[in-house]
Amino acid sequence: MIQKQCKVISNKLIAKDYYELVFNWESSFNPKPGQFLTLRPQGLPLLRRPFAFSSFKDNRAAIIYKTVGKATKGFSSLTEKDSISILGPLGSGFDLPKKRPVLIAGGIGLGPMLFTAIDFAERGLSPILVIGARDKSFIPKLELGKGVEVVIATDDGSLGFKGNVTQCLKTEYNNILNNCEILCCGPHIMLKACHELALEYDIECQVSMEEMMACAVGACYGCVVETTHQEKYKRVCKDGPVFNSREIVWI
Amino acid sequence: MDLSVKIRDKIMQNPVGTASGTFGFGEEYGELIDLSQLGSIYTKAVTVLPREGNPLPRLTETPYGMINSIGLANTGVKGFLENKVPFLNTIKNCAVIVNVAGSTEDEYTKVIDMIDSVDSVWGYEINISCPNVKCGGLAFGTDPVQVERLTKEIRKRTNKPVIMKLTPNVTDITTVATACEIGGADAVSCINTVMGMKIDINKKKPAIYQKTGGLSGPAIKPVGVAAVYRVSKKISIPVIGLGGIMNWEDAVEYFLAGASAIQIGTANFIDPNTPIDVLDGIKRYMTNNKLEKISDFHSFIE
Amino acid sequence: MDLSVKIRDKIMQNPVGTASGTFGFGEEYGELIDLSQLGSIYTKAVTVLPREGNPLPRLTETPYGMINSIGLANTGVKGFLENKVPFLNTIKNCAVIVNVAGSTEDEYTKVIDMIDSVDSVWGYEINISCPNVKCGGLAFGTDPVQVERLTKEIRKRTNKPVIMKLTPNVTDITTVATACEIGGADAVSCINTVMGMKIDINKKKPAIYQKTGGLSGPAIKPVGVAAVYRVSKKISIPVIGLGGIMNWEDAVEYFLAGASAIQIGTANFIDPNTPIDVLDGIKRYMTNNKLEKISDFHSFIE
Amino acid sequence: MIQKQCKVISNKLIAKDYYELVFNWESSFNPKPGQFLTLRPQGLPLLRRPFAFSSFKDNRAAIIYKTVGKATKGFSSLTEKDSISILGPLGSGFDLPKKRPVLIAGGIGLGPMLFTAIDFAERGLSPILVIGARDKSFIPKLELGKGVEVVIATDDGSLGFKGNVTQCLKTEYNNILNNCEILCCGPHIMLKACHELALEYDIECQVSMEEMMACAVGACYGCVVETTHQEKYKRVCKDGPVFNSREIVWI
């Protein structure tokens, strides 16, 4: 990991409330799918904000972020002229799956799962990428290249399957579920549903967790989740953010 | 220019340290900055037995500050000796100060007995903000009588520098500081976090599991500066200042208030390079203002 | 929706007040907002004799907060009766609460004796953060025994609501609050300012003449919320919350913490319309969350 | 006085570190020379910042400000699209002089003295405006119209008289000094020198004082200066900012 000022290459609205921020990343630290970074907000919000890498290639990296509060609204006005303090890459990233990967992305989990999908496709792993959203306005136009099978599920049925991602999988991809591995990122409730799906079908499930972070480098023990390990609490930033779903005590 | 700071009979190469609980045991930040440039590293609190810490959430943000209730999560003194000391042994130049915590006098002294022979341990910072079982849940650090006794007990066990870390959550911090001095402490550090609380109005629940926690960051800087000023006028052992130091200007403010050294806490989270930048800034200020040594800062304010 | 707040046998039309010392005697802000919409106005402190206040500078800015040491500058109770009461008499609907200060018990009770017959005075807020001459310079408000006695003395003199204003600069604010309740107070308000200090590193001098002063503004909100939470769990008279309230979200946070009413202080300086905006926001939140009355806020947090 | 959101009309650099901010001021409160306003900073600095009106005409008002710290640096990036919270007009303003007015401006005192000069010229008072600065780079191009006699003094002599404003007056305008009234705004040390000049020549002197402000409306008693009145401290924001120099206890 490294902390550096990076030049903004572009910062575009790609779907309702969602921006893609592309920036220069010249460093010997190459981000892996599932790893994240922290961005320093300008002015008021004090703490750095964590975001997962959504792509990395040729000295360019990106994140996809949703505008939810002060910091993200501030980021949305960044332009090419600006530079921004980035600390990363952080955390562990996804393990390479042993079976066909089913990647599940909900809401702000889209960025890391896109990165993972493209990476896995390049490795010939034929990933299925399931994207869940409230309605189609939250889903950006995607250019994933070949090798990724994209499935969309919206709560209101305005695009793709009508229902949530687990319902979608059970209905339309039931045949695959017995012989795949789930990797997912999104709202806690979705991760929990994915975990339960994995238990039901007796398959592996990697979940990318989220917790409030202060240091994001493993020093403060602020971002812990409860696990089944003897050492009860594990740090999302350093021991994760990706965990085997069976390690987590789900609440 | 002489940046060194003497505590007891030992010398720190410079007055910039990293505060307990914000810098782990140095390892994580060792990837980002050159630890050998630091004056000191104060470790995360070490207790006799391992502690899992508080349930989550443990952190929240507040207006220009943050609240934490990590709850002394640590692997205990044995874990410290096995897993942390090997790395600490590799750190050059910088004084490694172990932050010690406990709920009884015994718990404090046991930690010290178990690590006093470790060469790479430069000294101790005694966290007396922990809830004291014998003191009805109030922190040790709120009662001068108990503080003096604890300090004396610790003093008996070690010849290394003993720094008592004061809590600001008291009516008169100078009486506690005096108790430390009488008890035989070599220095005091102030301040620990300020008691604070935040409520999530959407969830209608406290933002952290423990409801109240410790406020840190820029918001509390004036509280820390006031504490350092008042304490340093009252006692004659060195005062180590912290609380909301984000840049060299803040550090200089603490020196002018009477601090002989400072610690960077929350700022490490915002910019890991802060301790190095602060050190550079202090040097520039001293050059521009023709100050030769840290104690030269102390003559300006009555 | 019922926004009223009952203290003793009197009703405030709504829970939003303006904090002592930040709103003068209402006159200045009366040009900017409609005072009759406020629940209450807490006046600048009134003392028996006129006080010129502290030498300047009296103000400074800190990270997301400010420090003041005005020093109870006021024209004394006679000046109050002559120059301020006529205007206060013209304010409709809103409860005018006189903030009373002194250095001895006598000084407090004299003020009350002299103004208790004024109809437009709705009640009193007793500022016990003033340095107490008999208490070695520490504030009255730091000693539960003195606080109880003072409260009792005041209680004897008046049938109007008596609100004791607590300082956060104590080891355990709940013991002081309990002393107020036992002494016969009708409510407590918390918090007064937090002790803080700032130093001008260019001038190498404290930023305000008195060196240390009172920190207020957003920076101290978590300290106020924690105090209100802890105090409201301990005593059964109403708690009036303040400290860093800048908007309606902050006000809601205080209500959820246990406050029955709130006060806007420093925020008046930043945006004089704050009290009105806060009131509107509270109403919207109550509608959206189906809360009927302020006490409905108190059931969410244990 | 009134608090309102005002539209920025322009915000231009007019000399080294000095900006002129012109904004829409539609209100029944017409600012007078010597009165001021407070601007709410965006984001971090908490307290509103006081600035004197530098002009007012046809629903347009302006201030001239120097970039010194966080708030003023923030203001310097305001553009036409922005609006800003203004509270004003505040304070008392200058009294009309009974003798020929000599207006003295130092540094950030330029704005109010320009306003005063133009106003007095319109009233046929033939003001002399003496502007002091370190060097010529700090002096903007001035378009004052007729009726104002402009005198410039720079410390380094790069423009006009070489020396400070009081030296300039004593050297070049000695004949006027016995029969004029001084009105001044600028650094404390300059105001004090003006006061002493006024004592020496036994003339009237109005000084516009500066103190740190919180409320700026007279409510908090934070901005006081020491005076010779029985009520020792007077509020700069409400009782001033303009005082008779003989009221002030100079230190």
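So that you can tell them apart, the chains are marked A, B, C and D in the order they are listed, and the count of residues begins at 1 in each.
The rule is short, and it goes like this: a residue touches a chain if its C-beta (ideal position, glycine included) is under 8 Å from a C-beta of that chain, and two chains touch if they have at least 3 such contacts.
Not measured: the values here are computed from a predicted model.
Enquirer: Hey, what chains does chain A share as contacts with chain D?
Expert: Looking at chain D and chain A together, no chain touches each of them.
Enquirer: Measure off the straight-line distance from the CA centroid of chain B to the CA centroid of chain C, and report it in whole Å.
Expert: From the centre of chain B to the centre of chain C is 34 Å.
Enquirer: So what's the Cα centroid distance for chain A and chain C, whole Å?
Expert: Going by mean C-alpha positions, chain A sits 47 Å from chain C.
Enquirer: How big is the gap, in whole Å, between where the Cα atoms of chain A centre and where those of chain B centre?
Expert: Averaging C-alpha atoms per chain gives centres 36 Å apart.
Enquirer: Where in chain C do residues touch at least two different other chains?
Expert: Correct list: 64-65, 218.
Enquirer: Which residue numbers or ranges of chain A touch two or more of the other chains?
Expert: Each of 44 in chain A touches at least two other chains.
Enquirer: Specify the contact topology among the chains shown, as one of line, ring, star, complete or other.
Expert: Basically the chains close up into a ring.
Enquirer: Mind giving me all the chain pairs that touch?
Expert: The set of touching chain pairs is A-B, A-D, B-C, C-D.
Enquirer: Within the complex, which stretch of chain B touches chain A?
Expert: So the residues of chain B in touch with chain A come to 21-24, 28-29, 31-32, 44, 52-53, 55-61, 64-66, 68, 70, 73, 217-218, 266, 268-273.
Enquirer: Quick one: which bits of chain D touch chain C in the complex? Just the residue numbers, please.
Expert: Residue list for chain D touching chain C: 1-3, 40, 44-48, 85, 87, 211-226, 231-233, 238.
Enquirer: Taking the touch rule as given, give the residues of chain D at its contact with chain A in the complex, in rising order.
Expert: Of all residues in chain D, those touching chain A are 43-44.
Enquirer: For a test of understanding, state which residues of chain C touch chain B in their complex under the given definition.
Expert: So the residues of chain C touching chain B come out as 62-65, 67, 138, 142, 169-172, 194-199, 201, 204-206, 211-212, 215, 218-223, 225-226, 229-230, 244, 246, 249, 252-253, 256-257, 285, 300-301.
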